[in-house]
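So, here's a batch of structures to check.
Next come two complexes, and both contain chain A; in the first it sits with chain B, in the second with chain C.
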Partner chain A sequence: MPTLRERLNNELDRVTLDHCVKCTLCEQNCPVAPVTDLFSGPKFVGPQGERFRNEFSVDHSIDYCSSCSTCTVVCPQGVNVAEINSIGRALMREETGIPLRDRLIVNTTMMGRMMTPVAPVANAVLNNKLARVAMEKVIGVHRAAAMPTARSQSFRSWWRKHTPAKPATRGPVVFFHGCAGGYFEVETAKQTVEVLEYIGYEVLVPKQSCCGLAAQSNGLFDQASASVRSLVDQLRSAGEDLLIISSAGSCGGMLRHEARKILGIDDPELADVGLRMRDISEFLMDLHMAGELPTDFAEIAMRVPYHQPCQVRSQGMGMPAADLMRLIPGLEVVESFATCCGIAGTYGLKKEKYEIGQLVGKDLFEMVEATNQGYAACDTETCRWQIEKSTKVTTVHPIFFIHKAYGLAR
Partner chain B sequence: MRHLEAEVVVVGGGSTGVGVARDAAMRGFRTILLERADLGQGTTSRFHGLLHSGGRYVVSDLGSATECAQENAILRRIQPHAIEDTGGFFVVTPDDDPAFADDFLAGAAKTGVPATEIPVAEALRRERLLNPGIKRVIEVADGSVDGWALVWSAARSAQSHGAQVLTYHRATGIQVRDGRVVGISAHDVKNDEQVLIDCSFILNCAGPWAGQVAALAGCHDVNVIPGAGIMIAMNHRLVNTVINRCVYPTDGDILVPVHTVSIIGTTDVKADDPDKLTIPRDQVQQMMDAGSVLIPTFREHRAVHAWAGARPLIKDDRVSSSDTRHMSRGMAVLDHDTRDGIKGMLTIGGGKLTTYRLMAEHIVDAMCEQLGQTRECTTATEPVPGEADGKLYHVTHRLHEREKNRLDEQTICECELLARSQLVSAMKEQPLGTMDDWRRQTRLGMGPCQGGFCSTRAAGIAVAEEVVDHERATGLLRLFLANRWIGLWPILANDQVRQVALDHWMLDGTMSVGHLPALETEIKQ
Partner chain C sequence: MRIIVIGMGPAGLSAALRAVEAGHDVRLISKGEGGFQLSQGTLDVLASLDGHQIDQPLVAIASLGPEHPYAGIGADRVREAVNWAAERIGPELLVGSAEHNLVLPTAVGAMRPTAFAQPSMVAAAATREYAVVGVRQLKDMPAELMAGNLGAESAWIDLPARAGEQDPTSLTYARALEDPEFADRFADAVAKAAPPGEVILLPGVLGTRPGTWRRIRDRIGREIAEVPLVPPSVPGIRLHDAMVAAIRAAHVKVVIGSRVVGFEADGDRLSGVRVGIAGRTRTFGADAVIHAPGGFSSGALDVDSYGRITERVFGLPLTADDATGLITPSWFDPQPLFEVGVRADVHGRAVNADNEPVFRNLYVAGDIIAGAQRWIEKSGEGTAIATALRAADGLAEGA
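After this line comes the complex of A and B, so read on.
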């Protein structure tokens, strides 16, 4: 069996360590290193540590990296710090083995399939303190960590019965809702479809499975690669050259850059999907800048704290969700300027990392509590669960406000 | 003036001298070693870090090939902490004659050098950056070796057998009475003191400087020709296996992963003075081109430092004196009794780091013969102190160590993951040392930033630990940065320019190192 690195195609990411001038900006911006000694910081484990690894893993503290990618975003020299760290962690996981917990929590689709038919029971269990203590002891998911709320209807079963309110005037787009959008954040997925249809698009929704991001950030590279490849095929099956609109903030990033840079997948098919992928807010702002977005928004007189997730920021598209929400009369959008909410996908769920995640998100939670008037907005599912659980403030996707301002809310 | 007494004085603290001191001490001779600077500062550390499998010589120099193969196995046993088992490939590049590989395999079989041809695809799978156009690959038992770790552990072994190791002691005169060596005088550079050593034997192991030492005894025609070569360290391990070009020995035929870097080497040009070696621009370009033959993306990677070293080649009448590449790599022992009529002095030349122990054995054998004594050499079987565990060094070593103590200990040199306690113990061991002396023990400032971040930390620690006062610390810092610069400017390009700019802004712009109060005269040594 070839070694992990031999199976990967990351050599060019790895060699970006040559660009490091040790300036420490990545360490200054890392959300994890300042709150815990357990993580040595991105420069230490990245461009520095990698010079010592030679495909062996000896620094298990690398596991405390949350994979937020902030280091790569801020590096002025072009070092792919987060990518190097991810590969280092995958190498470690390959050697030390992967806990059952980490194999379980990455299976959002499976959880959704199991929980949706028995949603009230599943939610009762996840909200039961005794059950959560048992869950912490048995599989290591922290008792206080945010859990998704099961819905009694999946997006797919809604979609099957759904008919557009009016005929399409602008041609087709493909909708990518992600697995959390399919089972847990069903409202976000529905609202996105209704907004796209309202402004005249024909929405195509191919069957879609998990993008593998959670598996990837847990070092399950083989599983993640298989997932993202099959998702690529599913999304391509809906039609060539169509834009793919995503309401799953971080999953879009997986298809755009992480699968290529971290998993080393160099397929033209992946590149094709990545190029066609648009975040919903990004897509709507592109339309707005071209003068093609209807702006018949009703007033929403409210101040809303908005947090852009780390894994959306790393997609390099600016902050379109904030710009978009500001088109709504009366809606005052306050940006969090926080690096990360602390969940980082599955990081903040884990028994040993929960406290770190709460410290990472502390300033954000305080900001949300201080500025909200009933709602907070955030693009990514797990971040919304984290913010909502930690602040008790209802946290929605930015499309919620657009949907509402278009008068589509029932 | 200090007066010392010994049976044997060894001149030269490179691998040969230290090996000879160890060997003599282990055979029961009261031994003193004199080195004009730090151990391993001359030729020993100015090489590419290769522990030869012998493969390099299986066609050109069969005797050397066999010696290398045997000594390689011995050093792994007696000094494992200085050696990394990288393995090696001899690769036939698209520019090379594939038939040479047949000569190579035949030579390897003849000389007892383990060598196996492996599929090209396997080599490419193991070394991803390797030129995909290579035609044949032969696997050998190369390793990499840390020259400083090697000489210091051998020196500690010599000390444990009673030898005295005097660094920064420059030999200034050799006393001969009635055709016999009776003593040697030296200058203790650090304490500015004369030292006189009564002795009955001098073993001249000064490498490229051996001619100058022999001249102290009036032997003026010892013809050691310094064969100078440059090496360039690349910022990380482009390969984890030694990559040799499968050709007759030539320039730029080897890429060696040593510690965290990979080193391309080397050139070979006759030098007039081993103290005045240069790093010519055209040779730098020649090495970068040579690297590109082995690794097509070579020039896209980052060069961090370059240096020049001089081989101690004894002139061999079979070749012309300007052709240093093809002089014997084998060792030569000159007996000044038969040659110059002076009893009690031998000069050794030639050889290579991999065979340093064997050279030492030969010269001490020659001394015993002249003394009419039989004393058995035991250097091949007894591990140096603290290395009986047989654990070879591995590049992950420091990362592993820091993982264990990173919460308790400050990391001083971040590039080389040097812990504070390691640096402090090197300082305390050589309180009169320079930062370069401490560097050779600890790798301080040898990574990508070349001391940009750690040099000021180290200078501050030297003051905090009361090893030096602040004026000397400033002087040491300036000397260290000036010495780093010697190896930096010839390779400045791309990433390293940005690094140097940042270092300059910090050290000169923010800290104004050039204007700090310091001693009236700059520290030179």
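After this line comes the complex of A and C, so read on.
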């Protein structure tokens, strides 16, 4: 069996090393390096360290990179800093071994399947201090880290009984809710479907499993590759050439670019899905710019702090959720402009990284506490859990407000 | 109008802010961040011409030839433009004027003229009697070399910003100095070590925020001046942060991390730009485009292995298309290549050799414009801001 190093298809990422002019813009914008000296910064572990990473890993501080991708986003020279670092970390972890904890916490679909039928019990356990102390000691998930809330009904089970409120006038789109949307953030998934149907689309929802993003960021590249390939087939089964609309901010990014750039998957099927993938806010704002979005929004007199997650920002779409929410009369949107909330998928859950994650998110949490009037908005599930747990402010997907302003809330 | 601004350096940020203030719907698209943060944190207007140092930039601008980026803008509009930018950035961060240059010491002890500098720097313009204090852990300010060149005495303080860190950057110190307790320890160490001199020169790391330096000065009890260092340039980051805060407050839509890879046109008018985003290329529609992507150093102007020079997004006509002979072997010699770029008309539109607009609604600003070696004549920020305002103010011309 060839080693991970031999199987990686990352030469294109490594070629970008030579574009680095050492301008330090990545260092300036990294959210982790300022709060801990355990991470020496994206330039040091990336364009510098990578040159020495031929046979063996040379730098273990790379494990403290949170994979937020900010370094790649701000690089003016086109160096794939984050991708190089993700691959370097996977290689390092293959050498040093991946802890059981990191193999467990990436199985989000399995967690959802197990927890949904016993939701009250699962929630009671996750909210029990003694159980959480035991969980920290045994598997290394920090006792105070945000955990998903189990729901007694999965999205799928709601969808099976669901009928659209009115006939479609605009043709079909495929809906991608992600595994968190399927089991934990079920309301977000339902609201997205209802908004799409309200504005006239026929919504198709193929069965869908995990995209593998969490496995990827924990260095489990084989598992991640299998997951994303299987999801690609599922999404393609719903129909060719249809747009795929996502309410799962970071999972959409996995399909659009991360699986190709980090896992090195060059399949035309993946490229096809990436080409058709739209974030829900991006999709609705594109309709608006084309003059095709109904704007019969009811007033929502409220100020809402909005945080765009790092992994949504890295998709290069601008900040469509903020633009979209601003279409609602009375809704004052205050962007956080924070680099990252500190959870970065599974990073901030881990016993040894929890405090770092809290420091990364500190300014964001203070901003949310200072500006909210009952709600905060954010596009990605784990970031919402992190913000809500750290601020006690109810944190929703931006579609919550669109759904409400269209008068669809029950 | 729907305006797209390409680039996020001094030119792009200024153009976006000026256009949004005029009531346009502005989207700024940038491959990455950059420009101001790599600068000295000052505004250069013009400081050197034909090997002579210039005291009065605006007077010298009047004598420039027709190929210079300032030509056709004129001293009055340059004054107005840099004053506008200094006002937007605010007096907590920029003082000075384009009438006379301030002459300030650099990190190697040379004297460098600039028009506007930060309040934390300008005490050094009032005297030449300096005391230099470096920080042992911070390799980017060689205190002894600097003091030697300035005829001053130097001293070191030994104060790690984070215990155990072997190679801290300026930014590590700037962040640490936002903690008042560390700032006091820093100030006390400087006060104890500093040799005699009217102004103590310190590394340009005195806080990420404007004003942090005052607490340090007051605690030391002597006049101090920050000296800008190589990137990460803390004073440059302060200017960038101030401009970004201004465009955010005005709701400029920012798309960052995405390269503009092409355009769509309808006859002699652009209708939008094509942007490489995650997974695909998409179009953003526009009524006008201000192209401020930088020059050779950002990769907006490209030289291939045959010496062919091209502008990468629109394929704009350039003042030269062959780099042969334009790159000289010595690092410090003039590099005529850097004078190569796009020509602009009086409204800031990119023009061909016959002075006709390439597109009626395509404007250029900043380093992409031909006619100057900005680092030699020290005109980078001034030409960027003046051409950005010319473009933003000329938008009606292409409507």
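Note that the second predicted complex is superposed on the first by the 409 of 410 C-alpha atoms of A that agree within 3 Å, B and C clash if a C-alpha of one lies under 4 Å from a C-alpha of the other, contacts with A are read in each partner's own complex, and residues count from 1 in each chain.
We take it that a residue touches a chain if its C-beta (ideal position, glycine included) is under 8 Å from a C-beta of that chain, and two chains touch if they have at least 3 such contacts.
Quick caveat, the model's predicted, so the values are computed rather than measured.
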item	value
First, second, both or neither for A:337, with chain B first and chain C second	second
Which superposed partner A:296 touches (first chain B, second chain C, both, neither)	neither
Which superposed partner A:23 touches (first chain B, second chain C, both, neither)	both
Which of chain B and chain C A:240 touches, first, second, both or neither	neither
Partner chain(s) touched by A:37 [first = chain B, second = chain C, both, neither]	both
First, second, both or neither for A:319, with chain B first and chain C second	second
Intersection of the chain A residues that touch chain B with those that touch chain C	21, 23, 37, 77
Interfacial residue positions of chain B with respect to chain A in the complex	125-126, 128-129, 235-237, 240, 260, 297, 300-302, 394-400, 402-403, 406-407, 411, 414-415, 417, 447-449, 452-453, 495, 498-499, 502
Interfacial residue positions of chain A with respect to chain B in the complex	2, 5-6, 11, 15, 17-23, 37, 40, 43-44, 48-56, 58-61, 77
Chain A-facing residues of chain C, complex	27, 30-34, 37-38, 162-165, 169, 171-172, 175, 231-232, 237, 248, 251, 253-259, 275-280, 285, 294, 297-299
For the chain A and chain C complex, residues of the former touching the latter	21, 23-25, 27-29, 34, 37, 72-78, 253, 255-257, 271, 274-275, 277, 289, 313-319, 323, 326, 335, 337
